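This is the structure, below, for whatever I ask next.
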Amino acid sequence: MLVNCVAYQDGRKLADIPKEDISEYVKRPDCFVWVALKDPSATELEEMREEFSLHELAVEDAQTGHQRPKIEEYGDSLFAVLHTVEIQGDDLGVGEVDIFVGPNYILSVRIGTERGFADVRARCEHEPHLLKFGAAYVFYALMDKVVDRYFPVLDALETELETVEEQIFVKNAARSNIEALYALKRKLMTLKHAVDPLMEAVGKLYGGRVPQICAGMGEYFRDVFDHLQRLHAAIEGIRDMQTTAIQVNLGMINLNETEVTKKLAGWAAIIAVPTLIAGVWGMNFKHMPELELDYGYPLAIVAMIAIDVGLYLWFKKIRWL
Amino acid sequence: MLVNCVAYQDGRKLADIPKEDISEYVKRPDCFVWVALKDPSATELEEMREEFSLHELAVEDAQTGHQRPKIEEYGDSLFAVLHTVEIQGDDLGVGEVDIFVGPNYILSVRIGTERGFADVRARCEHEPHLLKFGAAYVFYALMDKVVDRYFPVLDALETELETVEEQIFVKNAARSNIEALYALKRKLMTLKHAVDPLMEAVGKLYGGRVPQICAGMGEYFRDVFDHLQRLHAAIEGIRDMQTTAIQVNLGMINLNETEVTKKLAGWAAIIAVPTLIAGVWGMNFKHMPELELDYGYPLAIVAMIAIDVGLYLWFKKIRWL
Amino acid sequence: MLVNCVAYQDGRKLADIPKEDISEYVKRPDCFVWVALKDPSATELEEMREEFSLHELAVEDAQTGHQRPKIEEYGDSLFAVLHTVEIQGDDLGVGEVDIFVGPNYILSVRIGTERGFADVRARCEHEPHLLKFGAAYVFYALMDKVVDRYFPVLDALETELETVEEQIFVKNAARSNIEALYALKRKLMTLKHAVDPLMEAVGKLYGGRVPQICAGMGEYFRDVFDHLQRLHAAIEGIRDMQTTAIQVNLGMINLNETEVTKKLAGWAAIIAVPTLIAGVWGMNFKHMPELELDYGYPLAIVAMIAIDVGLYLWFKKIRWL
Amino acid sequence: MLVNCVAYQDGRKLADIPKEDISEYVKRPDCFVWVALKDPSATELEEMREEFSLHELAVEDAQTGHQRPKIEEYGDSLFAVLHTVEIQGDDLGVGEVDIFVGPNYILSVRIGTERGFADVRARCEHEPHLLKFGAAYVFYALMDKVVDRYFPVLDALETELETVEEQIFVKNAARSNIEALYALKRKLMTLKHAVDPLMEAVGKLYGGRVPQICAGMGEYFRDVFDHLQRLHAAIEGIRDMQTTAIQVNLGMINLNETEVTKKLAGWAAIIAVPTLIAGVWGMNFKHMPELELDYGYPLAIVAMIAIDVGLYLWFKKIRWL
Amino acid sequence: MLVNCVAYQDGRKLADIPKEDISEYVKRPDCFVWVALKDPSATELEEMREEFSLHELAVEDAQTGHQRPKIEEYGDSLFAVLHTVEIQGDDLGVGEVDIFVGPNYILSVRIGTERGFADVRARCEHEPHLLKFGAAYVFYALMDKVVDRYFPVLDALETELETVEEQIFVKNAARSNIEALYALKRKLMTLKHAVDPLMEAVGKLYGGRVPQICAGMGEYFRDVFDHLQRLHAAIEGIRDMQTTAIQVNLGMINLNETEVTKKLAGWAAIIAVPTLIAGVWGMNFKHMPELELDYGYPLAIVAMIAIDVGLYLWFKKIRWL
């Protein structure tokens, strides 16, 4: 589906143009065309391939989808794949944004993502002094937006970890904690797979040799790289704590087992000792003088209770009960 | 066994040729020969060595088999070893494809693999504009096919992991989960040993200094590299989750142990308490007035049952039963 | 909030100047201005941006806060982000210091930190021979101070680890140890996130190609790098021991479980054996000659006690009790 | 002990020569001398040092022994240390081969190894076209042989791992498995310490800048490197599986514990329930009508058995027995 | 404390000189001065700083102490920090040696170490042909000695590991093993922190660009590097085995727990079954014909014993007892 197709000149919007006219505008040296597609059909992509003379392998990638994030040079143009990551209920949804950038065109293809980039277009059109940089600036703005949208996801994961941490030393929470930690790990991996390869790719857009298109925009791409590095470090930090949390959880489970065994032992003693005493006075010996006593029975009961109270207090003292 | 032996010129098939004529066609500058062998005998390999003047060490490797994936330069020719990985029932089968590429020949040697490369030949013959690139293009097409065949294997492993994940918090599934996780690890390692060394090797076929033969095909080899990187990242992802899954599994086993102990304790109490009471009224004291009561016995039974119902409800409440 | 605004010439303080005059002093070639802000408002930052013509992206970072430590070049000026780490009760508090350095100005922005840098200013003003180096020397002095303040934090963490280590083989301390180890890990990660990225960044301020501003100060920045490396190594060392300590803790928990089970078994035997004996003599067989004996009963009791003493000693010997 | 001392020219053996004549032959430009020592005395090494003018530090290393594998350049000669690894009963035996290579000599010193290199000498003498390369070829042939002898060791370790894997899910094999896995780890480390440093060292004998002596032999040293890489990858693979196997083993031990506890609980119930019933009918209440019944006793026994059969079947059903 | 202060010329000792004359001797081109300090006061260091014109930052480091091992260039001189590691009872003691080397002086500062370097001085003075190399050779000799003294420590740690390994599958040794493994880890980290940074630093003293002072001594520094690499590899090997040993230890603890539970279950059965039987014959049914038998009682006892013997043998067979 074609979302937008606009020509720009000197940092200002010229006009919405029909897609047939794209190749015409692309030829004008001081002008660039910005096209946005959403879940395009094979035909639409083929049209774009012809209008912009895109490389076959890049178009194939965009068609197949499920690429890992990357930025590839094809002659003087770039092909970038980015993952969008969105919180969907209890899980994370992953979409894809494929961007083709040439000296005077930018084509963004959104696949399986709800949120569009209308705000990026609006921001760019309000900053003509920056939009003058042309397609490369739009490329930066799109990447910046995609990366910015990772941060709320990261915050959600940090909150999840904190929730687990508050519960981790609470008794009887071991099962829900371990489930939460596993789910957290899954989501972390999803975010990590979006961030890490992109970080590596963006790192090549500034500094030493950079693609011609990105020249002079180094500080902007470094800024994106810096955000990605921050995400990367935070993800690694959560992973590290998550690993430790799983180990600690195992320790808590085993500690709990010990406590259950202690309780079992304590109560077993409290029941078994009077049972033994009752057994003794249940023996059938002829001569058992205490059995003849008038107060033998109540005394026996009192003795049993006294012993049990003693045992109970002692087990309390050593914290077995 | 000789599978095919065909000469090509200008991206088009010239003719199936007898193997004796190979050296003749190889001499023609604008022509290249594509030979496919399957589980060749030592004699067949020796013939090929002579026809193509292959390097002794490379032929020795092809003869011995069981190489790790690699791409080696011998003068202006390349020797590549690739692993094929196929799902065979519950396990993975590993075969080997050895490829010798020179400026105007390509020799593929298939060892221990069922599936051939007839489809690669068909595809190449239908793309004369690409086949014009000569032996290097065929080399790319073969590698691309081998690598493409890793993806269904990867999908199967991802499905296996998901199956385990669905079971991992289910009671009494710990044993089958742990067996499944170990089997998964084994298969992952097999796939990893096919992918990782190849990725490293293909990474040297584009970018900076590349073997003469591969010049001008950079984008194609980068595409193969990209696929391998995707496989690599997915394998690492599965490994990481698998490691966590094993830890979680251990936690579940220990949690289960605690639950069994709690159950044991609960039922022990329910049996032991009335046993104690019966013991008390089984004592032989002379003066035990309640024993004389007409309804003493039924009251005693009722008391025992009442206590046990109380215990049962209490253990239910604290989730020990 | 503006803390200070001072102009220096030839290593000596010229005067406290109003912020409106900054741009004027900055123009003088042999003079530099040192401004310190604390938790500045957006307006204050905007003023500074204009006075010093700072880069938009850098100012944006300072405004947003929560950056990871980094040092970035913007033309001939530098933008550095440092974390301050302070012990706050049982936890660590993290603040931020953002530093903008140009050929003849230095602007430090302190966010969320209590402790200021008045001592740095005092030290610099007492070392005119060093302050002659200009803004770069102040930059070094600020970094050096921030890094120096990490050491007491590190010492505190080392002490925490030692406290745990003293307790780790002590019985019944497992729960508090595991909680302490988890808290330690959290704090370590906080310190690590302050130290590691900074170390990486400072490593680029000496040696090969360095930013123009830092030229000739290599030995000083290497000294900061060396301190950071020491911190890094110590942090990694603590992490490593902490990981092992968690494993050892798990072992101790399980050992303890075994000991509890042994105790349970021992006492169970001591109670169950006389219960069995009492049961035997409680049977109702007609002919049980020992029941008729005058001293049958006391002998029975003595036998029970004797057996229990024997069991007790034996369990002591095998260390089950 | 001097094993051999032979002079070669043009790829052919000239003669066995006495060691006093070595320096004389070494002076001839087209000739090289190959000396093999076994567990040499200090005097023998000193003689060799003088004949070949070896570097003091290298000779010292050969004398001391217990070096890690390495290849060092001393001027235009090389000094290599290799480990031999042999299966000795249940353990691995490590020996050392020190090789000094110069433009026209090669001296191999075998320490603590049974198997010699007579077959290398035989092979070399049968390949005069290769032996023409001189000392460097002999160097390659010796290394190749040492490395080739690692493969049977690797196979043995793989077999050990497979043996454990077959047993790992078998009940009651946990103890022997864990012992086998630890022993396997030990041996793996031994092999790893022989392979990894050598791989690193051999990697510098081909490709970019190589020692003068090895020039033109690149493909041969790459072949050795390739074998070492294969060994390295296989060792890492076994290590990885071994680590997982230890974790799985721990899981099996804990699973087994749970099963024992379940069995204990099941049988305890089967014994305790009839004990309770017997206790009830052992009470001394006056009015217990069922005690008067003619068939009371047999009915009681039948009831007890019926309850136990029911319990038994139920425990079987929930797989506790 | 000044230990020595000697001037050398042409590899031979000139004279013990008073420290006031140092600067004079340092000026002579063919002469060098070797000073050894032990736990110096601030004043002594200040004197030396003036005599040798040492860099302020280096002297500050020597004064503060507790540096990590490093080698730093200050102009044409070097500043090295080395750790000495000594076995002190059950623990390792760490001292520091700081070395300042210039073209014609060497100053060694020993802090917190008992063992001095008199033997190094003696060795150097007996090797005038090497001492001619000047200060750099003394620098090598000192480092070589410090590094050589790590080996006995390493041997002690290897012995400790072996001691644990012999005990690791022995029952009831789990607690002492785990304590020993933790202590071993501590000591390993101490040695590692001495070795690894030094290895890194020494690696820059030979090969490509080296400090002017070390030129021509490459083979000697490589020898030190080689020793450090050997230490490094051995330390990593012990660490790796230690990690596995801790896991194995945990497995043994859990195995032991299972065995204790089995024993508990076995003996419980042996006591509980006759208790049940006694309970049955203790019931008060009117018609229990076997109670009337003359030999009922002895037969009952015999039956109980027979059942217990049977149980005992059966538990022995399944290895629960």
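Here are a few things to note about the model shown:
By letter and in written order, the chains are A, B, C, D and E; residue numbering begins at 1 in each of them.
Everything that follows uses one rule, which is that a residue touches a chain if its C-beta (ideal position, glycine included) is under 8 Å from a C-beta of that chain, and two chains touch if they have at least 3 such contacts.
Quick caveat: nothing in here was measured; it's all calculated off a predicted structure.
Here the chain-to-chain distance from chain A to chain E, counted in touching steps, is 2. Using the contact threshold fixed earlier, the set of chains in contact with both chain D and chain E is empty. Traced through touching neighbours, the fewest hops from chain B to chain D number 1. Looking at which positions face the partner, chain A and chain B present mostly different ones, since fewer than half of the interface numbers are shared.
Distance between chain A and chain C, defined via averaged C-alpha coordinates, is recorded as 25 Å. Centroid to centroid, with C-alpha atoms defining each point, chain B and chain C lie 40 Å apart. Residue positions 247, 250, 254, 257, 261, 264, 268, 272, 275, 279, 282-284, 288 of chain C are each in touch with at least two other chains. Neighbouring chains touch in a ring; in the direction leading from chain C to chain E, they appear as C, E, D, B, A. Looking at the complex, you find that chain B touches chain D at residues 55, 57, 67-68, 70, 72, 74, 172, 174-175, 178-179, 181-182, 185-186, 189, 193, 197, 243, 246-247, 249-250, 253-254, 256-257, 260-261, 263-264, 267-268, 271-272, 274-275, 278-279, 281-284, 288, 291-297, 300-301, 304.
Residues of chain A touching chain C in their complex: 165, 168-169, 219-220, 222-223, 226, 229-230, 233, 237, 240-241, 244-245, 247-248, 250-252, 254-255, 257-258, 261-262, 264-265, 268-269, 272-273, 275-276, 279-280, 282-288, 319.
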